[in-house]
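Lettered A, B, C and D in written order, each chain numbered from 1.
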Amino acid sequence: MMALILIALVTLASAAAAMLLRNLIHSALLLTASWAGLAAFYLWAGAEFVAFAQVLVYVGAISMVVLFAVLLTRPPQPMPVTPPNTLGRALVALITGGAVLGVFIGAIVSSPLPATAAPAPTVSVKQLGLELAGRHAGALLIVGALLTVALLGAVVLAATDREPVGASLDDVRGRPPGTPLQKSGDAP
Amino acid sequence: MSLSVQLLWLIPALPLLAAVVGTLAPRGEFKLSASTAIAALTLSFLLSCGALITALADPSAHLTSNFTWFDLGHGAVRLGWLLDPLTALMCVMVTFVGLLIFVFSTGYMRDDANAKQFFCFLSLFAAAMLGLIIANSLLLLFVCWELVGLASYLLIGFWFHKPEAAAAAKKAFITTRIGDLGLLLGLLWLYDSTGTLLLYDEGQGVLDPVVLAGLGGSTAIGLLIFCGAVGKSGQFPLHVWLPDAMEGPTPVSALIHAATMVAAGVFLMARVFPLLTPDALIVIAFTGAITALLGALIACAQSDLKRILAFSTVSQLGYMMLAIGVGSWVAAIFHLLTHAFFKALLFLGAGSVIHAAHHEQDIRALGGLRGPMKTTFVTFAIGMMALAGVPFLFSGFWSKEAVLHAAHGWGFSQIPFYAGLVAVVLTAFYMTRLVAEVFFGHPRGNGAAHAHENTAAMTLPLGLLAACTILLGAIGTPWWPWLQRTLDPEFLSEPGGAGLMATSIVLVALGLGAGWALYGRKLRQKSAAADPLAVIAPRAFAFLAARMKFDKLYAATFGRLSDTLAACADALDRHVWDGVVRLLARLGRFTGLVNREADEEGLNAGFDATSESIRATAKAYSRAHTGDAHGYLLMIAFGFVVLVFAVLVGGGR
Amino acid sequence: MSLSSLQLCLLFSSALFCLGLMAALSRSNTILVLLGVELMLNAANVNFIAFWRYGPNPEAATGVVFVLFAIAVAAAEAAVGLALVIAIYRHQKNIRLQEATRLKG
Amino acid sequence: MSGLPLLSALVIAPWAGAALLALLRGASPRTCRLVALAFSLSTLVLAALALAAFDPARTTPQLVERHVWITALNVHYHLGLDGLSLVLVLLTGVIGPVALMASWRTARSRLFGALLLALQGSALGVFLALDFFHWFLFWELSLVPAFFLIKLWGGTGATRAAYQFVVYTISGSAFMLVAFAAIFAATGSLDFQQLAQLGADGSLAAKLGVDGARLVFLGVLLGLAVKAPLWPLHTWLPSTYAEAPTGVSMFLTAVMSKMGVYGFLRILWPLFPQQLHDSAPWLLLLALGGVVLGAWAALRQTDLKRMLAYSSLNHVSYCLLALFAVAHATGRPGLSSEAATAALAGTILQMFNHGLSAAALFCCIGVLESRAGGKRGLHDFGGVRTAAPIFAGLCGVALFSSLGLPGLNGFVGEFLIFRGVFGLNPGVAAVACLGLLGTAMFLLTFWQRVFHGPRGGAATVAFGDVRGIELASLAPLVVLMIALGVAPQLLLRLINPLVTSWAGHLVLP
């Protein structure tokens, strides 16, 4: 029980810090820590495989992507506006978050949840593999396809290096009337 | 050599074949066409003689050969051939006269560009007529009857490039078709009441006594059939086409007037004679009497050579109908046969004259042909005397005598008899006039002046016909009524004809005398000189010369009626029905207009308002869509909280 | 009152979720907003595991499998989202979410 | 015939031809024409096969093809062939190719051939369908190609005529469609045979109610009467026939008008014997109007095509006259079934015969028109017989066939009709005789003005006689006319049992 509380506190603290800090790099790093905490939580809960997945995907992969994004989108000068941008926004966010939290806590506290802890279920990797390739084979395939498409989409979105629109227009404008279009530059 | 009834069809089939051959022959193959036609008709003639021999073996028998033309679900439509003396004699007459006319035509039509076609049509004509004669079914008879009409149409309109010829052909066809419709209705009636149109069918044919006895409405049927005969045989009031039919080449006129078309009507009546009730016979007799008188009267005032002959035909046909009407169809056939020969003779003689005189037909412009055209003159004179009824030597006298004798013996009325007597005088009169004008005196026109005798192809038939004209009288004299007995085995020659004969001899003499007195004594000098008769009675003469204005009368009544009907039908279409449709269309368009206005004002306005408000709402909503992701997120979160509270407050679980 | 482990877990996830929510709502940097969303997803995953661990039907591995799928989807989402961020950045030279209000560039 | 769906093939072959022509982009005119002709002839070939497989002794439809089509509407794809259909299919098989050849010059166009084939296909569909659903489909489908054929290749007033034709016919059909919707609602069936069964035992009328049945009858009557046409619903006919190009006029008068008469025989009469009987006196009057006034209206026309259009009205009215006379006499004691047989056989024969002779006459007008540069007035010609004797001969045969000269095909049909009508209703037959007279008058006027007299009008200059393709389109018709005139048994044997069975069941429900 104490371990759970500890893990929770660490996780929440690093997440809160990540959200509050100005420096994006720091935020990203703290968030990675928070994800690691979550992995610890999964371990605690007995879902080892999920914990490994969490470490691999979030701690390993997504944090790297986030870091890349942060580095790539760094403005030439540091942004003048300080986060949180305005007090009003922060207040609204706080109120909303508080309200939602209140609702959640109310719901959790008032719900008749099973009080006693059942013996921890054990899921071997083999079992999981069978489950994935058996009952959830279709979903697995779809997720695979989704990932592929997402990968392609991300590549397309991020890597499309369109020719500047203005240049080709200038070409056309500069052309004397009646002359055929040049082959280069007119192709869409 | 005798011909069985099963082979009777060969008689019309041969000329038909000739017609087909002629049609398929290349253009200008005049010789092929003519020789085929003549050969075919010669064969037919021989076959007819064979048929006659067969028929004479037992004159009272009706040999038949029936077959099915086509099946109907209920029963079949049957046709057949019939061989009895009437058929056989008619066949012999038609083929023989026809043959002579064919031969004559080879001379007459030699120079015509379409002579090939001419022989096709002639063959078709002969084939149709022969088919009509041998038919044992009124339906087959009707078929051939119409084909005769077609052939006459084609031949009358043979010189179709002449508008008059084309008009005359059409007139002939239409006029006879009016009669044909009556015939058709008669046939339909007969068919409907007896279930057959076969004449003799082993006791089941319409002329067999059993069927005849059970026939209702036969007066009407008889009269309807008579309508057909009226049309084809040029009886009053449908005689108007016959004189116009003179527009055809003269051999055609000869064929129509002597052997084929007009004879068809008389033949038909003789054929269906058992069907005719006394009431029907009265109508026929009076029609015949009127026609005989009418034709003779009009003939007196005509100046066209062929027209005079045409009206004489009308008059003679009247005699024949008269004979049928008074109950002596045998006399009618006798007159038909003799008439066929002497009328063919007269027409061919006229053709000879016309050919020689370069197609001059006006008797006032002819004259003096006695000298240059001796053969023609002699034969023509024989024909004329036969027609006029000059006693003893000529066949016409005997046959006419038979008719008058029958009329005299008719119990119902003597009026037809007297009409016949008057017609005798008139016939003698106008024939004298004709001969005097054409052959005596001196030529009054260019054509007549250069006339000379024709080739043997034309004179030979004349000679043969003249011989027959004289000889044929022998077969039906009161002393030896062979023909009558052959045709009608129950014929009884009545004694007491001597007085009548004397009367008619006197009347003929009267007519000849009057004619000679008026035309022969003082011969016409100039073609423009007035006719002596016109001097005596100008108005009557003019009236007769205008053919009693029948054409005008018909044009003013039936023609006008038809035109009016046509105009009405057309106007009904163009204005009334089309108008109704147009009105409907306009109504539709008006409704559309009203509808559109209503739409604009009512429905569309409502729609506009609705869509306007929808658009406004949409604008308001789109204003809410700021694109601000924070805002959306906020709304979701708030919405979630609000919803949860709402559920809690609302008491939901 | 004492809280059971399940309730604790749920409270943990709720707090994590609200943190993510507040971050997403208040920060203007698109990357941080995305990360907030990631946090919320993670909170949901925590719930799955909690209910799998303490829920009424512990035998089935469904909860675990579901989390695995959610992680996969989240990974995809992160990839696409960050690619979008880069695209936006390239287009308007900053990544302020407030200014990215148009779908059409 | 086992396995081979001959009737479907009959219907589909022209459509296939039309589709192929539509696909043959850029083909030479020669290819287009030949392809069109080949597919058009396919009907004749298939019809000959059907004729070989046909057993005249059976009166029920043969070579039946019946498949479920739309279950919800109880619609079946149902084709069948009886004597009546066979006669009309044969007619279509003859007229289709001939019409195409008569418009040989126009048939250069791919579209023309395709449309004509489509028209042919829909006509065949109408003659073979035994279910109202696709019967009506073909019935309406036939309008589409006809409309375009008239509009695109017609004379000066073609657009108006085409619209008039289509609007007129469609408005008639609309009533029919509504009527059949009512029938379907009442009976749940659209199959002609089932409906005929219901009509024969009176349950159709019982289901529709007395007034309902009357209204439905009127609706169907209207649809058919416009197409046939029945006087006075014929006003679309003269302008349509006059404006349509030659081949289309031929097809319209020869085949399409028969669709109307066919409908009368196939639908109206079996389904509504009682109603037809009740209204027969009026319908007889209308048919007489068509016979007599049609002929006399023709006498007044100066446009030759309009004249022939009226003659067509006159001839088709004979068919209707006979049918109405039979319907009128139905149930009368002492009804002569021989007369009824004759009338009905005459009707079918007349349908075929009129198809031949009217098509031939329109073809002749087409030849005249082509020589005279589009003129076709009664007074635009003169002495054509001198200039073109062979043409005159062929045209003359067609003309005399049309006016019912014995020895040619027209006579037999008309004689049988008159024989039947006289047996059933002598007065009507007597009045109808006037129509025969009128026909003779206007046809001979036509003949006299155009062919006789001195050469004049368009015939003065070089007026060539008929040539290859014209001869090829006229000659088969003329040969058939003579053959059928001499031996009507050729056709009658196909329909005799059918007609006999019709005439044997002349009772009112």
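Just a few scattered comments:
We take it that a residue touches a chain if its C-beta (ideal position, glycine included) is under 8 Å from a C-beta of that chain, and two chains touch if they have at least 3 such contacts.
As the structure is a prediction and not an experimental result, all values here were calculated from the model.
Set against one another, A-B and B-D show the most C-beta pairs in contact at B-D.
Once the centre of each chain is set as its mean CA position, chain C and chain D turn out to be 79 Å apart.
Rounded to a whole number, the gap between the C-alpha centres of chain A and chain B is 110 angstrom. Centroids built from CA atoms put chain D at 32 Å from chain B.
For chain C, residues that reach two or more other chains under the stated contact definition are 21, 25. Counting partner chains per residue, chain D shows two or more touched chains at no residue at all. Those residues of chain B in touch with two or more other chains are numbered 630, 634, 637. Across the assembly, chains come into contact as A-B, A-C, B-C, B-D. Interface residues of chain D, counted against chain B in their complex, comprise 168, 232, 234-235, 238, 292-294, 296-297, 299-301, 336-339, 341-342, 345, 383, 385-386, 389, 393, 400, 405-407, 411-412, 415-416, 418-419, 422-423, 426, 429-430, 433-434, 436-437, 440-441, 444-445, 447-448, 451-455, 487-489, 492-493, 496-497, 499-501, 503. Those residues of chain C lying in contact with chain A across their complex are 4-12, 14-23, 25-29, 31-32, 35-36, 38-39, 42, 45-46, 49-50, 52-56, 58-59, 61, 63-65, 67-69, 71-80, 82-87, 89, 93-95. Of all residues in chain A, only 1, 4-5, 8, 11-12, 15-16, 18-19, 24, 27-28, 31, 34-35, 38, 41-42, 45-47, 49-50, 53-54, 57-58, 61-62, 65-66, 68-70, 72-73, 75, 79, 81, 83-85, 89-90, 92-94, 96-98, 100-101, 104-105, 108-109, 113-121, 123, 127-128, 131-132, 136, 139, 143, 146-147, 150-151, 153-155, 157-158, 160 touch chain C in the complex they form. Put simply, chain C touches chain B in their complex at residues 21, 24-25, 33, 97-98, 100-103.
Across the interface of their complex, chain A is touched by residues 630, 634, 637-638, 640-641, 644-645 of chain B.
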